[in-house]
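The data blocks that follow each hold one structure.
Shared between the two complexes below is subunit A, which pairs with subunit B and subunit C, respectively.
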Partner chain A sequence: MGKVKCECGRVNPNGTILCESCGRALTEKAKQDKLVDMRYEGSARRSQTYNKTLIDKVWNFFSSVKVGIWIIVLLLVAASFGTILPQEFYIPSNVPPETYYEDVYGTFGKLYYLIGFHDLYNSLWFSALVAALGVSLVIASLDRVVPLYRALKNQRVDRHETFMKKQRLFAEREGTLQRAEWQRVKEALEKKKYKVRMENGALLAEKNRFTRWGPYVNHVGLIIFLLGALLRSVPGMYIDELLWIREGETLQVPGTNGEYYVKNNGFTLENYQAGEDPEVFNEAINRVGTVAKNYQTDAVLYKNENNELPGASPKLEEVQRDAIQVNQPMKFGQFAVYQTSFRQDEMKAMHFALTNKETGEEFGEIVVDLFDQQASYDLGGGYKVELLGYYPDFDGFTQEGEPTSKSPLPNNPAFLFNMITPQTPEGEVSFAQIRNTMEPLGETTFKMAFKSLDTRDVSALTIRKDLTLPVLAAGGLIFMIGVIQGSYWNHRRLWVREKNGQVYAAGHTNKNWHGLKRDIEAVLEGTTIPRPEDRQKE
Partner chain B sequence: MANLAGVSSTLLEAAFFLYLAATFLFGGSIRQKGLRDGEGLNRWGRLGILVTIIGFAAQLGYFFTRWAAAGHAPVSNLFEFTTFFGMMIVGAFILLFFIYKTAVLGLFALPVALIIIAYASMFPSEISPLIPALQSHWLAIHVTTAAAGQGILAISFIAGMIYLVKNIDQTKSTKKTRWLEAVMFFIVSVVAFILLTTGFTLSGYKSEFEYVNKEDQAASQEFGLPALVGPNEGTLLTEGKMEPLAEMPAFINAKKLNTVIWSLVGGIVLYMLIRLITRRRVAALLQPLVRNVSSDLLDEIGYRSVLIGFPVFALGALIFAMIWAQIAWTRFWGWDPKEVWALITFLFYAAFLHLRLSKGWHGEKSAWLAVVGFGIIMFNLVAVNLVIAGLHSYA
Partner chain C sequence: MEKKKKRLVMRTAILAVLAGLVMYTLYTNVTKESRGILEEGDEAPDFVLKDVNGQTHQLSDYKGRGVFLNFWGTWCEPCKKEMPHMEKLAKEYKGQVEIVAVNVGESDFQVENFAKQYGLTFPMAIDTGKEVMDTYGVDPLPTTFMIKPDGTIDQIVIGGLVQEEQVRALFERVKPSS
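Our next item is the complex of A and B:
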């Protein structure tokens, strides 16, 4: 790699625009410019220096802020398209998306679906944009931070007068400065927390250099965050399972390989009540109607002590009890269990009475558990009911007269019973549903009269393990530190130099020039140092 | 407790009128010759900021008394959130005022805050109980920080507007004057909306409709403005009220669309009236007010408020939001429209900062960007809440 030697003696890396040490312009263009471009202190950036190989070209492409801005803008425009219609994961899960979008939103909906915008954020091209953002962040930051660090570290106190003359804030006058004046400026600057260095009739005051690293710190935070998001697809890092659990049920916690079991001791739904809750809510409750107050599952967590023993039946030891509410997940180990959804009043069991149709006399009641039926129910005294068929989601009869069930879920349970009594030892067949009995095989003496229904609630719990969270949190934290570091301070410098009967003063800040001007105004008070003027005014 | 709620709304009204008074004081301040902006304050300016601060204190009083009355931070519905946003704009203005001592900033910032607070009061303002998803300290932490960030970013819009009003040549009609008028028209429409809604509410207008909703079920809707458009298969239940001119399909909320149409029509009428009476563009009417302020200073105020507001916004609207979402909705990010628009806002201001740094987009370009940025913030506040309802659907 070539080097550029400056008149002051410093050997600068190839591509340097302003000497790292004295600030002299090293390129023809920089020599011509009226004001120097101070953005990276005129340091040698790889992207500005090499453009031969493919690697150079890729590097230069991604290190360009122009490209970076394009990526950001494309991302934000793309993201907005995904909010025009609901995304696939928000539409009702019981309808296929192919038809949903067209049915609800017409031709536009169909088009939206066909383009693939219904699942935009998981699309390949969206991920590619995010990846491009990440690559750009890494390359653009590396391209700048190293040379900037070098330049700021190597800067000399006595900058060359051409460097000072080309600063945005600059002034000069003929003459010299007295010792007392130097001392006075130095003290005034130090009071304002500037670090002051004096050498060879020159002064450099500098403040808040650390703020220059802010953008790079925040970019590192963003990269860590993006890597954290990527990590999620690594097996074992992320578990997301939904568990529907009925009141009274004990189920294995999915994702824990049988190590944990959870029991639902009861689901509660509470609404706000006008009169009971604070009076200030009455108006709102009366206007809106019902407002939910609490969704809660009382859960017991068990550990299966026999999990390690192959073939052994589970031996459950209680670990903890918790009232899981929205906003209050139950936590254990690396897992959290959330209250996600619920279904109220699912049918659990039905009560039927064996009844003499004519007299209305009952010969005992049976309870059929919809999830655990018996083949027959003995009522004693020669009375017995056999279960011939169970149709959990009864859907009518086939042409042959066979009852059918739409699904295995007990949404509309129906039963075919055989009733055996001392009068009818052969048995009579009754088809029983809620509030309805039929006699499919001819007139009977007895019937199975529906008496009552037991219901229970079902709670949906989300089981979540996410080992990427610490990485994401670190990324977020570093990002915040970086933006604050870069935004709430500015890097201010003031140069004063006396050379050959001429006094020069120049100032620079990376942003917020009014603040710097105010600082300079105050510290030069009472000295004969010329007041730097803004040469980039309206 | 009900008493405390009464005190609270009185304090909000007080704040409103104090901001109004302060606007006039700042108006007086810039008429006085002598000081240029950024160089200190005259008597009017000092009075203006004093009244603003008293108004801000009154609104803080509203906020905390309402908090005490409700038992939760009053940022849980659109009325509360929007008034809080208005308060944050005033707070951000006070902050930047003390850095830059610029009276003209108050002359524009306070009216914007006033319009936003008036707009807020068009929504149901009773204290509402919290649904389970909102029962978290993170509600207060996330929403207040996000609104503070938006309030500070709004100051860049205000500085940008002043910059444009000052610097765009009003002697001839150009693309720039037309765009600036479009912004003015938008503001006028919001005012029209407030006037119309207040008018019809005071006159007690109400018409109820029965209709068939998106899920094919019977539902009812009450219109506070005469229905120009009616709901899907709607029938008017209230006698003697206007029948809709057109019926909307089920996936469009006819009530909200009706409000939008009224606001636009009202906006056009009001805007035309202003133009006919004064025979000048709205921006041209405002131009004399801003002659005395330095463009450089406005540019710096605009940039500075983005620099201050961007980290606050990122913290509140993204990071705190993610923490809360992880606790309440089991995942830190769900691509819910409100979340996406917060991300878009964040990306937009990131682009703003990079354009400034690397492409040197200062002055006018930067001012236009600030206007667009505020447009995105308002879109997220209004349109996403009212039109594209997601998990966050308030109201």
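Our next item is the complex of A and C:
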């Protein structure tokens, strides 16, 4: 496929509209147009030239702005579908999504689930659309910025008069210009910070060319932003874990590969008190009853010095102590630990008294830790209680009469005790729950009377690490720089040429024509250069 | 001509890089759920745990023998069903296939009581911090990992083993060949 040779001798890439060098119109359409289309300086958008191989076809597809806009529209429409019903992430975790959507939203919900809209933002096709947008951004930008750069770099000072005649700001007159006039306009332009080049009886003044790169800088920022989002799925870049920790417990910090442990030294929930706290809260307190003031976990962070094998007993070195409050995370290394949720008054230990059923006399109290039981509790004086069985979440008896537990959590603790006293040296068996005792093996003289309960709070902490934030921030910053670069300056040019007893003057800017006109008016003051007129009245 | 060729190479290179990035993203997105989860054929991660008698058990000590690595809890009904089969075969395959029963963080009392009730003599280790459980990605109980003498996972069995013959078949698969 051929190149286009201009009359001025410049060999232009195929598809060029205006000669890169002198600016003559090269296509039939451009020759007939009254004004030239200065987008991309009339340079050949590369994709329009070759269309032979598969690579070129793919390239051309993504190079099209039309395609890019369609991708954006599709993304917007698709993303909006995900907002109709709550995403899978937000539905209660104890119900399977297969049934949840149908149960709650009926047929529509079932359809929503079947199409896959319940997990839309993680779906393959949505990711593919975002990826297509990224590819479109890269290729469409490259395909335009390179020829534009070339055209602006190669532009000649003495543009052909047909180029000048087709500019929006243009004027001509017969005659010639004095040397002093050239000098005068040059100085005036330089005072206005124009870069001025003079050659062969022609002048080109140009200012703020860098603003033309604004959109491309902006796209670079967007691409970096998308890369940052992509980094999230790279292992180790992004961690978001939840840890339920009871008061007094020391647990491995998830996401740190066993390197760190955290201890919960106590959870506090404070409410605003009428009278004590500033008056502004009174109205709200009266209206809703309680208003939370503070959720806080007092935490100790440890580093595990013995972290070679999972299961090995940790050797903990204290690193720091911190009060974790909402919006006041504990920070260490690249991690931040946030207060997320809590559960108050989980059962911790139960107190029972060995009691004579008839007389009500008590022979001592035992405390059974629900997380660490003893096989026997000696009360002295021949009184002893043996623990035969512990059922943390008591669920009834099997056919064989064996008590069962439905989970390891102490939601409904039950115990099988053997009570040994001087009167009953063989022991008597009692099945005890909160406020309830049973005698499964026959009537007994003694019972284990429930006395009281120790409780503690459970705190939920979120452990988060996000190494993609700096990338996202850099992308956002570059994006903004591009926007500013493209918005607050204008690329202004003025051409003056004297040829064969004619003086031509033309001006072009990418935006703010009024500003350019004022500049031109000022610099042509006191010269015989014709004042370019705006031939496209708004 | 030369220039055209250069352009094609350039475009191909850029498209290849972009395609690579896209593929990687889609791949990591799709495999996000199953990442880090053990599969048959993987090396079984080493761990060390104490049993109720205070004795230490390290998985790598059992190299050269098959291992029946069982995760269980005292409340779990199918665990209760399979334990007697395990006890019987542990004795039969002594020196060839070892049982390591990992309790998922219950109290010493509960584990000891359970062992006594069912007459179990193989080592009962307690995974207090649930670290081993996390490492192996165990969710439903019981889950059993059959580990070959070379330390790789032969099979992962989720759910209870009701029949003695099922357990025996697993033992047979991982016993040393000599």
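Basically, the second predicted complex is superposed on the first by the 414 of 538 C-alpha atoms of A that agree within 3 Å, B and C clash if a C-alpha of one lies under 4 Å from a C-alpha of the other, contacts with A are read in each partner's own complex, and residues count from 1 in each chain.
By definition in this document, contacts are C-beta pairs under 8 Å (C-beta built on N, C-alpha and C of every residue); 3 or more make two chains touch, one makes a residue touch a chain.
Every value quoted in this text rests on a predicted model; they were computed, and no experiment measured them.
One of subunit B and subunit C touches more residues of subunit A, and that partner is B. Residue contacts after overlaying the shared chain place A:Val4 against neither subunit B nor subunit C. Of the two partner chains, subunit B is the only one that A:Leu75 touches; subunit C does not reach it. Within the superposed three-chain model, A:Lys406 lies in touch with subunit C and out of touch with subunit B [touch as defined at top]. In the superposed model, A:Met480 lies in contact with subunit B only, and not with subunit C.
Applying the stated contact rule after C-alpha superposition, one finds that A:Ile239 touches neither subunit B nor subunit C. In the overlay built on the shared chain, the residue A:Leu387 is in contact with subunit C alone; subunit B does not reach it. Shared contact residues of subunit A, touching subunit B in one structure and subunit C in the other, are absent.
Residues 4, 7-8, 11-12, 14-15, 18, 21-22, 24-26, 28-30, 32, 35, 45-50, 58, 73-75, 77, 104-110, 112-113, 125, 127, 129, 131-132, 134-135 of subunit C touch subunit A in their complex.
Listing the residues of subunit A that touch subunit C in their complex gives 46, 50, 53, 55-56, 58-59, 122, 124, 127-128, 131, 134-135, 138-139, 142, 227, 230, 233-235, 251-252, 254, 258, 309-314, 371-375, 387-393, 404-408.
Within the complex, the subunit A residues that touch subunit B are 39, 65-66, 68-69, 72-73, 75-76, 79-80, 82-84, 87, 89-90, 104-106, 121, 240, 272, 277-281, 283-285, 287-288, 291-295, 325-327, 329, 336, 338, 340, 462, 464, 469, 472, 476, 479-480, 483-484, 487-488, 511-514, 534, 537-538.
Across the complex, subunit B meets subunit A through its residues 1-2, 5, 38, 69-71, 100, 124, 126-129, 131-133, 135-136, 214, 249-251, 294-297, 300, 303-304, 307-308, 310-311, 314-315, 319, 322, 326-328, 330-332, 335-337, 340-341, 343-344, 347-348, 350-351, 354-355, 357-359, 384, 388, 390.
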